[in-house]
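There are two complexes below, and they share chain A, which is joined by chain B in the first and by chain C in the second.
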Partner chain A sequence: MAQSLGAPVLRKEDPALLSGRGRYADDLPVPAGTLHAHVLRSPHAHARIVGINPTEALAQDGVWAVITGEEVRRLSDPFLIALKAPIDQWSLAVERVRYVGEPVALVVAESRYLAEDAGELVRIDYEPLPAVIDPRAACDPSGPLLHAQAKSNEISVRRFSYGDCNRAFEAAHARVALSCDYPRNSFTPMECYVVVAEYRASDDSYDVMANFQGPFSTHPVMARALRVPGPKLRLRIPPDSGGSFGIKLSVFPYIVLAALAARITGQPIKWVEDRLEHLLAASSGPNRITEIEAAVAKDGRILALRLDQLEDYGAFLRAPMPGPLYRMHGAITGAYDIANVEVVNRVVLTNKMPASLIRGFGGPQLYLALERLVQRIAIELKLDHLEVIKRNLIPKEKFPYRAAAGALYDSGDYLRAVEAATGGGRLDELKRRRDAARAAGRHYGIGFAAVVEPGMSNMGYLSTLLTPQAREKAGPKNGAASMVTVNVDPLGAVSVTADVTVQGQGHQTVLSQIVADRLGLDPADVNVVLEMDTAKDQWSIAAGTYSCRFTPGTAVAAHLAAERMADKLKAIAAKQLNVLPEDVELAGGRIRSRSNPDNSLPFARVAGTSHWSPAMLPEGMAPALRETAVWSPPELEPPSSDDRINTSLTYGFVFDMCGVEIDPLSYQVRVDRYVSMHDAGRLLNPMIANGQMRGAFVQGIAAALYEEFVYDEAGQFLTGTFADYLVPTVAEIPAVEMLHQETPSPLTPLGAKGLAEGNCMSVPSCIANAIADALGVRDIALPATPRRIHALIAGAEEIPPVDAAARVPEAAR
Partner chain B sequence: MRCVKRGERVRLSLTLNGRKLSGEAEPRMLLSDFLRHVLGATGTHVGCEHGVCGCCTVLVDGAAVRSCLTLAVQAEGKAVTTVESLARPDGTLNPLQQAFQNNHALQCGFCTPGILMSFTDFLQRNPAPSEAEVMEVLSGHLCRCTGYAGIVAAVLEAANNRNQP
Partner chain C sequence: MKPRPFDYARPDTVEEAVAILAEHGDEARVLAGGQTLLAMLNLRLVEPAVLVDINRIPELDVIREVDNRIEVGAAVTQNRLLAWPPLAQKLPLLAAALPFVGHFQTRNKGTVCGSIAHADPTSELPLSLALLEGEVVLRSRHGTRVLAATEFQQGMLTTARAGDELITAVRFPVVPGGVAFREVARRHGDFAIVAVAALADGVNGMRIGVAGMAERPAVRRIAGGESSATHDAIERLAWELQGYDDVHASARMRRDLLRRIAPVVMEEARRCAA
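This part shows the complex of A and B:
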């Protein structure tokens, strides 16, 4: 059997999904007597709840309950958060609402149709309060305050210093500064949230099925809120999930809400989020304002970097926020060799939906500022942009490379990747197209972006949020455990369970490749079961699929578990083949002597021995075949006392180059050419890897040009349907040339790195750079919609005088 | 035409994937809900319920429709075809489905049933489409995972294979 790892093995998942036989959360049967819930939501951005009158609703046939924040407060505790700050949040609003769409009451009825009918009869009185939407305004102490006890909306400020910035700035040839705003958006999985919850009074436990994605560090948060120990919140995750991209972490408040509703009514409760609710209140990436400044040498070398990052998390800080502000922290210098860095991280709350996990997770925000700054350095120093990138890239000889803020970059050859992407005539052609367009009077620009893509987060990175003293007190946090179990049954059938959640990444396929290769089988012979049951499956707080942890984490655990299984089978077979274990190999469904392949046994026969004839096993060996491996790489150390943190295990590299043209009539940005070069170490399944990269690329395009959650000044939400929130269709997606190089990671046994987020990080900055180049402007707001581009070209539009209507000719009225 | 009162539950009959079935529904029940929750045909997915995403696309008398914008009562007596009908009873994928697998045209698979049904209709009417025509039909669907390229390639591959002598 040839190695299947590295081959584009077709997906095991597909036949069921293509035949309508998927098992998504809303497809699964529910217990008899299940009631259906409908969430009533705040129409105000900020208001006091004066009263909730459910009388009329409760009088309707089929209506069981109207649950309010007061009952939720009585039966549950506020969610734990990463900061010691009095920002209490329950699964329903208590006393106040703080964003449009915040859950205020839950109507429970025999059907969803009845629950929604009854919802219209619940009378909720509000006393509106002034709202604050703009993150800068929210930092003004004289403005509206979201959480009175927190005393400020700016709930965390931390300053970090690495190297000697002051000296570098004083000695620098020049300083280049830029201010950058990253907008709010989401990647709206096509399947919304689903929760089915039961309460068992007999042992005060909850049994919940939900399309939760992890991280499972949120499981204790839910259990604590429900006032039960972990095992009494049994969480089951279905075999299929309709996409997630980080968003389905934020189903967790609804898991608690449905669990409480089950307890209150004594019946199982089902809640399915609809799309309007999802857009309004499910989750968003955080918007960030970055003030960034570089001290540079005459040749464009960056000597020092200062960043002031103000990140807006909306109305509440939900666990594990403010992750995006810290996930990139160790790698804040990106792909560049910069010794001196100062960072100020600020967390602010505003009257918007709470922000949380979203693919890219802090990367897009960082790189928009950093990569735009590198272009500004080139412009202000009258240098070539690409040349400035190259001069600052970390040279190959320096790997493994310890970045200023603590990241340990495992491997890379950045310059080679850049040369390959810009070579082959690609950049020359872009320049030709640009020159021709410009000669014809059109706006055409070229953009570049170089980003480092982290894979598998150090569970301790978020504690960088705390001061070293507070960390000392709380106990060190670090590491990231991954767990996989390989099982071989008495007939030799292999099955695998793992600590990931399925969202479409093809985990079943890749795990089957890894295990099959170790056991000398075909991937088709390996059954991978990834539905999760927290009561019975192996998991740790790091479990789930997020932050590209599959390849550097779970895949390695699968490799180790399969290797142990192989070793055990070799030892059993050695005895039966009468050879030494070192001489045994597993290949082609047989277990045989390496030196004399004719001396062999079928795989199933050896497996059967372990189950049926323990007496025949080598002395001291335990019978049965079940191996669980835990992978926890030592490089994921806690933050040091001087705040250096290795935020992730692997660090891939992405270099993007594009040409864009502005349509002179519609002001649309047309991406003319896009080239994206990746180095994610060894690719386990290039077909799936390409699918992940292309998916990330399209989401990057979406963030750059189309998608934005828009609020007006009063906090009303303006993008509440798919007609307002513009998810790109095939017609909006440009062609992309994907290139790869493989610099294996020395820190993972498979040499592979995380790879599914890089283009989410690189594309917005690359496109912004190209637009800036096309228009010769400094400030680019994303998404670069025709309205914004028009404003850049035409200048601010004059507001018509108020009496304009009076001057409309009589005949035209 | 039968007259039904608001709130009244009526028994509807339709042909689903060649089999005559019936079930009860209020007049306001959506066809998507009727298929999924009354008839148990959960292969048809609901992604937006406002007619944009295309996940819920099914064929009614051979023509692709959004089942979230169709009332169940509108399908009475009609032939409804869903994704469950595409593979052979032994599970063998049809050429369009197989082309989707070959081209990695799906990841989470949630939008896929609607896309398959749109192209089942489309390829019957236009067996040899151009890439631009495929893209035009596909632009009626949202997919968040794949970036669409694999889907376009899959439909073209299926059309090509079907047109091979």
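This part shows the complex of A and C:
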């Protein structure tokens, strides 16, 4: 059998998913006697809970319990967070509510209908308090304070300096500065949160099924909250998922809440989040305000960079926040060779739903500022934007490249990627189209973005948040373990389990390719089971599906486990074939002598030997065929004493180029052409890689043009349904030309890099650059909605005709 | 997102339906396609005592031509009208506007009369009915009354229908002349921000209808002739209707959309007539 890695092997997952036979969390059977929960949520952005009266609700038939924050406080501990700050959060609000949608009470009844009916009868009295929504205003000490004990809403400020910024800024030809706001948005999966929780009083343990995605560093957070050791919180993840995109990390407070409800009622509890709850309170990416400034040479070379990043996490900091603010830290200079950098990272709390991970987390916020700045440099220095990008790209000769803030970029040839994407007549055609549109009086612009895409996070990156002294006291954090088990049964059937959660990425297919190639089998012969059970499966705190860790992490562990299995089978076969193990190869379902392929045994026969005839094994070899490999790359070191951190293992490259036009009738930004060049090292399955990249592209378009969580000044949430929170459909998504270049990573045995987030990071900045070019403006607010575009270009309104003037409202005059 | 408890009735005849409505009045809601009503139920924005499902009443599931008008029964879905073979010839405006009503899947359930009964100010079907000067047929135990579109739709989501009345049909006049329709929405299938329809009926200029600018569709006659006169007429209309602010557009943007779309639609209608 030829090598299957690198081939567009069809997804094993699809026949079930496409024929309606997926096994999703809400479809799975529940234990007898399961009760249904309904969460009552705060209508206020900020209020004191005066009292909760459940009497009338409890009197209804079929209603078992109304659980409040006071009970939750008595039975559980606040969630651990990454920061030493007194901002306690439980799974229900205690004493105060701090955002619209915050869970306040849980009604448990025999059906969801009864629970919702009874919920309307629970009397909750609030005393409203002033709310703060704007992150800048939240930093004002005279404004409303969310957590009194924290003394400030600005709960963390860290300053970092690499190289010598002061000298570079003094010597610079020019300074170019920009202020950039990245909005709040999310990526909404079709399937919302689902939790089924049981409590076993006999051994004080919890058994939970939930569509949690990881990272499993959150498992200890849940176990600690429930006051049990880890093994007493058994967590099972279903075999299929209706989408995740980072959001499904944040089901964890509800896992704890349902677990407590199971304990209180003595019955299994099921809770299914509905769409209103999801939009209102599930999770969102954080909004960020970045003040960015570059010291530049006359030719546009960036000599130094200063960033002040203020990130708004909403009402609470949840583990592992503030991830988005630190995930890109080592790579904060992006694709550019910049030696001197100063960063100020500030974390602020406001009366919004807590923010957490969403696909690309930290990337879009950074690159919107950085890539907009590079365009501003070109404009202010009267240079060509693309030329400024090229002059600043890290040259090929410098790889592996140690970035100023500590990232070790494994490989790349950025300039070649840019030349390939802009070549082939593509940029020339864009320019022709731009010139023709402009000649006809229309607004048309060209945008570029160059981004570095991290793959597999260093588990220590978040500790950069602490001072070096605090880190030393707490002990170093670093690394990222990946685990895969390969099993061969007595008939030679191969099965694989791994430390990832299914979200639809096609991991079963890719793992089967990796293992099949090592064992000389067909991917169809390898059975991959990825539903997860923390009580029985291999996992570490790094487990889960997030931060593009599959390809640099789990895929490598699979390769290593399969390699060990192959070595063992070779040793067994060598004895039977009467050749040296070095002369044995696995191919085409047989194990044979390399020098004399006719001397061979079927794969299954050799496998059977190990199970049935341990006596025939080479001396000293243990029987049974089960290999678990752990992959933990040494490059993921803890932050250094001068705060340098290699935040990820692999660093891919994405270069985007687009042309946009403002629709003359509708003010809609219409993407005319979009080209996206990717270098993700070696592609394990190019079809799946393309699917992932297209998915990220769609969500990048969504963030650039459509999706935004909007709050009014009082903290009311204005985008609570899909009529106001606009997810683009297939009709809105422009065509994209995906290009690939492969510069293998020297740090992973397969040469492959993480690749599923890059376009989430690049598209918003590329589109913003194109709009800025089209309209000749400096400040572009995202998403660039028709309303915002209209405000930019409308100008003065025609004076009303005399007979209509009487009807004009005051505000419009 | 579960509705409050309600009773469910599925009458087989209009008489039965009307009797149930007479009994429950405003406590009852008529269920046709349910594309708006079910969402409102699940959001607990409405809490009817009884749902009266009219989908199995055969006499309501009829499209027919009567006196040069096309009568569409209350159980006729939007897709059924869209697939009605004579539609493009008899009601070209509906053939142009219906594809903008929701999505293929929602049109499979959503009814023509349901959309008109809901009276959303941005909606395509009430706009079309108003522009064509159509009628709404209402039946109660006391008899039948026929209201002009402008009498029927009174404001945002409010109509002249009494609690005991069932809309049995709407009637779209067959009017010769050129038609055109355009709307601006954030995404295909969304509620329009502004929608404009025009009918070049050869009678002193043309009729123009606008949705999304005020609490119900506005229909005006704009005299033909010089383009500066047309410009002034649209300008007057923009200021008269004013527009309003929401998440998707400001009032000013709505006026500008009308200024941009109306001349295009009028030109298209003129060319269609020629």
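By our rule, the second predicted complex is superposed on the first by the 794 of 813 C-alpha atoms of A that agree within 3 Å, B and C clash if a C-alpha of one lies under 4 Å from a C-alpha of the other, contacts with A are read in each partner's own complex, and residues count from 1 in each chain.
What we mean here is this: contacts are C-beta pairs under 8 Å (C-beta built on N, C-alpha and C of every residue); 3 or more make two chains touch, one makes a residue touch a chain.
The structure displayed is predicted, hence computed values, not measured ones.
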Does chain B (first) or chain C (second) touch A:Val157, or do both, or does neither?
neither
Contacts of A:Tyr113 with chain B and chain C, given as first, second, both or neither:
both
After lining up the shared chain so the two structures overlap, which partner does A:Arg275 touch, if you call chain B first and chain C second: first, second, both or neither?
both
Applying the document's definition of touch, where does A:Leu83 land relative to chain B and chain C: first, second, both, or neither?
neither
Determine, under the contact definition given at the top, whether A:Pro189 touches first (chain B), second (chain C), both, or neither.
first
For A:Leu718 in the superposed arrangement: first (chain B), second (chain C), both or neither?
second
Of the two partner chains, chain B (first) and chain C (second), which one does A:Ala571 touch, if any: first, second, both, or neither?
neither
Where does A:Ala794 make contact in the superposed view: on chain B (first), on chain C (second), on both, or on neither?
second
Is A:Ile733 in contact with chain B, with chain C, with both, or with neither (first, second, both, neither)?
first
Which chain A residues are contacted by chain C in one complex and by chain B in the other?
113, 274-276, 723, 729, 731
Chain C - residues contacting chain A, complex:
1-2, 4-5, 43-44, 182, 184, 186-191, 193, 232, 235-236, 239-240, 242, 247-253, 255-257, 259-261, 264
Of chain A, residues touching chain B in the complex:
10-11, 13-15, 17-22, 24, 26-27, 113, 187-191, 240-245, 274-276, 503-506, 687-688, 690-691, 694-695, 697-699, 721-723, 727, 729-731, 733
Complex contact set, residues of chain B against chain A:
26, 28-29, 36, 41-50, 52-53, 55, 82-84, 86-87, 91, 93, 97, 100-102, 104, 106-113, 116, 135-136, 138-152
Where on chain A is chain C touching in the complex?
112-113, 116-117, 120, 274-276, 664-668, 706, 710, 718-719, 723-724, 726, 728-729, 731-732, 785-787, 790-791, 794, 797-798, 800-801, 803-805, 807-809, 811-812
